[in-house]
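In what follows, a single structure is set out as structure tokens and then discussed.
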Amino acid sequence: MTLVAEEVRIDVPVSGAPRRGVVSRVFGRLGNGFVQVLLALVAVFWLVPVFGLLIASLRDESANTASGWWTVFTKPAELTLANYAELVANHAVWQSFLNTFYIAVPATILVVVMASLASYALSWIEFPGRETLTVVVVGLLVMPIQVALIPVAKLFGAFGLFGTITGVVLFHVAFGLPFAIFLLRNFFAGIPRDLIEAARMDGATEWVIFKRVVLPVAKPAIASLTIFQFLWVWNDMLVALVFADQDSAPITVALRAQLRQFGTNIDLLATGAFLSMIVPLAVFLLFQKYFVQGVLAGSTK
Amino acid sequence: MTPKKWGLSTSVDAAPGRSPRQAIPFLLPALLVLAALVLYPLVFSLIRSFFDATGDEFVGVRNYVDTFTDPRTLTAFRNNVIWVVVAPAAVTGLGLIFAVLTERIRWATAFRLVLFMPMAISLFASGIIFRLVYEEAPNQGVVNAVLVGVHDMFSPSSQYPGARPREGYTATEAGFAANKPVRAGDTVMLPLIGFNPQQVPAQALPASTPQAGDGELRGLVWLDVSAGGDAGKVDVIERGLPGIAVEAVRDGQVVARTTTGDDGRFTFPDLAVGEVTVRLPRSNFELPFRGQTWLGPGLITPVIISSWIWIMTGFAITFIAAGLSAIPRDALEAARVDGATEWQVFRRVTIPLLSPVLLVVFVTLVINVLKIFELVFVIAPGSVQSEANVLALQMWQVSFGTGGDQGAGSALAVILFLLVAPAMLFNIRRFRRERS
Amino acid sequence: MTAVALRDVSLVYPGGTVAVKDVSLSVADGEFVVLLGPSGCGKSSILRMVAGLQRPSSGHVVLGGVEADDVPARSRGVSMVFQDFALYPHLTVADNIGFPLDVGGCARDERAERIAEVASAFDIGDLLSRRPAELSGGQRQRAAMARAIVRGPRVLLMDEPLSNLDAVLRSGLRAEIVSLARSLGLTVLYVTHDQIEAQTMADRIAVLRDGVLEDEGQPDEVYRHPATMHVAAFLGSPRMSLLKAYVQVVVDSHVALHIGGQSVDLPWPDMRARAVAHYDGEDIAVGARTEALRPAAAGASGPVLTGQVRHLEHHGHETLVSVDVGASGVEACGLHELRTGELVLRVRPDVRPVHGEHVGVHLCLEQLHFFDLANGRRIGPRGRRR
Amino acid sequence: MRKQWIALLALATSGLAACTGGAGGTSATENLTGQTVEVVGPWTGDEQKNFEKVLQEFKTRTGAEVKYTPAGDELPTVLQTRISGGTPPNVALIAQPGLVAQFAKAGAVKPVNADVEKAVTDHNAAVWKQFASVDGKLYGFTFKTANKSAFWYSEKAFQQVGATPPATWDDLIKTSKAISETGLAAVSVGGADGWTLTDWFENVYLRTAGPENYDKLAKHEIPWTDPTVRKALEELAKLWGDPTLIAGGALQTEFPKSVINVFGEQSSAAMVFEADFVASVITTNTKAKVGQDAKFFPFPSVAGSKDAVVAGGDMAVQFKDDKATTELMKFLASPDSGKIWAELGGFLSPNKDIPESSYPDDVTQDLAKRIVDAGDNVRFDMSDLAPAAFGGTKGAGEWKDLQDFLADPKNVDPIMQRLEANAAKAYGK
């Protein structure tokens, strides 16, 4: 993503008596206190379902089906850690937790590496048909995963990738690339041209420019990409269900195997959701600091 | 710092900025993977869409014809349009507003984390969450629980919800009206059913038939429900129903009103000469307010969209916050110094500067919306699934339901792909503009 | 030896816009050449072609006697200072300066040594651990220059390096850059639109307009004998006044130049009279810098034009007086702001003409310039070799 | 020296094999040590655990490794992709005979060998062989079945009105009306799930129209506009058409919820119709005890019909025909395997040679006995036999049409026409 539009005409009416609409007046008056309260409300609004899920994970299935989660305020005795204890005691769940790392970490790294390489070429190396290639690659973003299952199955079958972590990783890489390239190409293209050319003048090869100038400058975009690519792979069930075997199954598949045939299974789902949420949240906290600071500040002018 | 010798390298490189050969190592890994695992399946689907379910017989465009003549496709198409028009814009807008506002608070990271949380929950689990949030039963669904709570605060529910007379009465707008008119001196027996004997108020006394009174209309309202009891007869363990409003109606006008006592009896002491109709007003039996049917056919798509907004706002806010951090503070401050209000700064400086990010977010969301199917599948109850249908869901069902028809499914995939063409064309145009 | 040479270089953009047209220029080893011109005249494009960032559509760039068209930027031994400095935002000043060394595979000790050396040369030794965002404009500029020079290039390209700085910093840095270039024996190709920079820094100036090289030479040569009306108009402050004049040849006496309702006579002995005489019955442009004008009594005899004071500009040590002599002006370069023909007269500060007052302006005939209105070329025998 | 090593090695392996072979105690089974058999099935959770115990026994007997993949609802997807990729599992358990037929026609599943066929013939009523046959060849057998002809009722609600399990459809309506007088709905219908409604219809239709018509309708040899269909729908409407008899919001009620409506703390109905697995829903989701608070009666006879059972089930089929696969099929077809799961509960088998006493409680024994006793009057769930587009897709085909019927049970004719139109399209392909 081009973080900043290259040229924006800032044309703000100079004070005097600016025509101010209702919205503008309201917005202008939004004191800090008001913003605090508003955002706090929004946060609560967002948290309520998550909180409900948390409570659901702390009650057994019959309690969950008998009454809504808010009844725990009157009946706190219903709370139990049994759901967690059961999952934590399950060896298969732990194995799958590891498997999820084996799948998500390489799939994320490969996507980030391949997409940044490709995006660099698509934004800073000129070659015939570059524009068309960009559009085609980004156009693949539209491809729904389920369409690819059968053809990819044929391919994996032929190469013996069925039931392997490699296969699952490759699939995720392929379907992560279009978005990653879309995102990074936009960002790379927004890097000031002088910065790239300065590096060229300084004697840097394309590879060095990519590694030592573009990558560090693109940290915010790469951090956001990392977060979401990791998240998507982490939460995938369909691809793993089809292409992984029992020994390489990730946590989503393992949790799914715990479900009862009938019922909302909210106790299991909620517990599983909270257990498997920890890692993505940690990744978020780890990487989000990279896009809080503006990296491009001070590069030019 | 002695000047170097002329550093002209002997390797003849392609001209600066025009180096197809240099691009190859950068592009190759990504392109190989994409070609094998995305492009090939795409081409495969395109070809496959012209074959029948077994994949052996070429059927031309029949799969497409079938798809377009299926009434479900039309609903799906309509819903997709609603989704595309409403959802991405809402999420982008919310993400933008929240991202800008979080710049003013200290707990910005915490706020972003909270909004990011739904993204960290799998779509399947999120679907279940919202299935429960919007559940109709107020003891399960939090939305209806709140609605019912608020409603009951202002208008408490009736005493005997759902109870009804056994026979001889017609349900009217105003209540249950007796079919046979009566006059003073008569006794009216009103056996009610459809109510659990265990929920009869504690003060209720056993029912017994009242004596006919002179000049008075007397009657009994009792719960005619007991194991082994006779219908229409007052059995031993059956009790009168206290507190039921009874009306005497003449020529459509209520001429008298009374309430039953603890033994279920009521009396109209001074009715003038002439016939009246006894009526039990509806308010006695009003069913409790149960909230909205959120998951019914009417509201299902908005409900699913709302849950998608809940999930995806974290996505938008993350990217927009990253974009905001790169906006030169000078531009914002210059505008403020120039006397612009906060709103003007937002409209005329922040948004234009952020427009590239907003576009990436928006386009990604549009495409995501078109691919959505798990959420619809999980949230919509089976009975309204056809109302909530979207193309991606239909494709999933057609391709992978029992006896999956990959031919018809591929046709749907191709249609879906073509639908996104406008978004892609938009992108091409933008790329062109950027270049020039 | 020629360090940089352009041979009939043209640059045409895909849309058909011609940015540079048949430019030939050579820069000698150790020479400081300034490419001067208004924005959009193609000077930056020339720089980028020399740098190897842009390939000429036709013609050749020759570096050190070798055609460099197929040599990538990084291998040309050319450094560049960008207008907006283009410092790497994620690196400290030291690492910014060290970047070209790293890329060139410089040994560690030598790297540190050279960074320190260059940094002290630019007086930024104590800023080495800062990031660009923590530097002032002038400091960034110095850091950018230090980075460009550290590798020891033979040719240094500078693209308006001072345009983003304030006036005080600029004048200081001008001298510094020149002396540094001299001491290092650098060949410099310097792009600016600021004619003062050009005049003060250059060994040689090349003036560009619309992608065409209009004039080149030593600064005072170009100033005194501009090849075209546009060059003349571009150089000097205040700008040269350009008036339209009707030429009438009075045989055996003089050539009369009718400027507005008045006339000035160019006697035959003046070498240029013969050239101007070719324009008998036509209009030409007469250019006069302030040094060619002296105040005179209104209606005084000789080459004197009388006019009304239109505008006064007090500069403390002198006052600039715009005098409307009733002539029509000539536009050049699109930046000649004198629409009606006005002459700008420089007077002592104690002389206080009044707005609207009638004054006489004495023209020093030898210092007038005559230009062909059709092609803007200078009229007259060449004052210098071209 | 070298020879000695080889001899030693051979000795070691044969000894090992003898040990594992002996452990199972059955002399007839082959030694399959070192082989791996992969099984894909729909079962997750406790059902997975129980099935894995069955597989464990196979491992003990033969020494073969068995890997089980629980595919859940995505079973068709998993199988289709794996077949496309050329790596199908050895054995799969498939709940949809239609899918088995599709795989059979594509040549993906292999016909069972003579030993397995003999086992199927020996242990099951003849009708079960038909369910798993395509073009006269037997491709598998029903390993786990569901008795879909059961009404589950709340003992407490019945006691309140002094009701007893009704034997006929008319009695059912009468009892229902009596219950509704107490303010409780008689029946909770899980109308949000289309498959419960098809089970309703199939039970009524099997009784009003008879097994022959049932078979014809299942193959779409008679149209859905047939008078027999009208008759069945009209019978259904007697119950569904009375709003006091059906718990409110039926179309928003999913199957588990319909069970909880009856046996949960705040019950809103007295009866729920569905298969034997209602018992497991009761156990996990409510505090009611099956056999005490929750009992069942068989689907009542309509207009004097004989006992009949609508059954569903998971069919074991094989995608490979190597020795290990065949052995596993043989094992699954034998009473030995079913007995293991039967004892663990939550399992019914059509296998008549599993002793009734294997089932853990009276209720299960009764349910199992009714399936075996019904003999050839058992019919497979018709919607499972139909093409998925008609009988197995959420929001489409028969599911959707019956949901529309539940919403407005007076509207028989338009529903029949819609059913026929949808069926014609789905079967036509």
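We call the chains A, B, C and D, going by the order they appear; numbering starts again at 1 in every chain.
Going forward, a contact is a pair of C-beta atoms (placed from the backbone, for glycine too) under 8 Å apart; a residue touches a chain by one contact, two chains touch by 3 or more.
This structure is a prediction, so every number in the text was calculated from the model and none was measured.
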Given chain A and chain D, the chains that contact each of them: B
Chain whose Cα centroid lies nearest the overall Cα centroid: A
Chain located farthest away, centre of chain D as origin (C-alpha): C
Between the pairs A-B and A-C, the one where more C-beta pairs touch: A-B
Euclidean distance of C-alpha centroids - chain A vs chain B, Å: 25
Length of the line joining the C-alpha centres of chain C and chain D, rounded to whole Å: 92
Averaged-CA centre spacing for the pair chain C and chain A, given as whole angstrom: 54
Chain B and chain D, separation of their C-alpha mean positions in angstrom: 33
Chain B: positions in contact with at least two other chains: 16-19, 139, 400, 406
Junction residues of chain D, two or more chains touched: 74, 77, 80, 266
Residues within chain C bordering two or more other chains: 52-53, 72-73, 75, 151
For the chain B and chain D complex, residues of the former touching the latter: 52-54, 72, 136-137, 139, 162-164, 166, 193-197, 199, 224-225, 227-228, 293, 295-296, 377, 380-389, 397-398, 400-406
Chain C residues touching chain A - in the complex, by the definition given at the top: 48, 51-53, 72-75, 78-80, 82-91, 99-100, 102-104, 131-135, 137, 140, 147-148, 151, 157, 164
Residues of chain A that touch chain C when the two form their complex: 192, 194-195, 197-205, 208, 212-213, 216-217, 219, 295-301
Touching residues (chain side chain A, partner chain B) in the complex: 1-5, 8-16, 18, 20-21, 23-25, 27-28, 30, 32, 35-36, 38-39, 42-43, 46-50, 52-53, 56, 65-70, 113-115, 117-118, 120-122, 125-128, 130-131, 133-135, 137-152, 155, 170-171, 173-175, 177-179, 181-183, 186, 189-190, 200, 206-207, 210, 220-221, 223-224, 227-228, 231, 235, 237, 252, 264-266, 269-270, 272-273, 276-277, 280-281, 284-285, 288, 291-297
Residue ranges of chain D touching chain B (in the complex, touch as defined): 74, 76-77, 80, 96, 98-99, 102, 105-106, 159-162, 180-184, 191-194, 244, 249, 251-252, 254, 266, 387-389, 392-396, 399-400, 403, 429
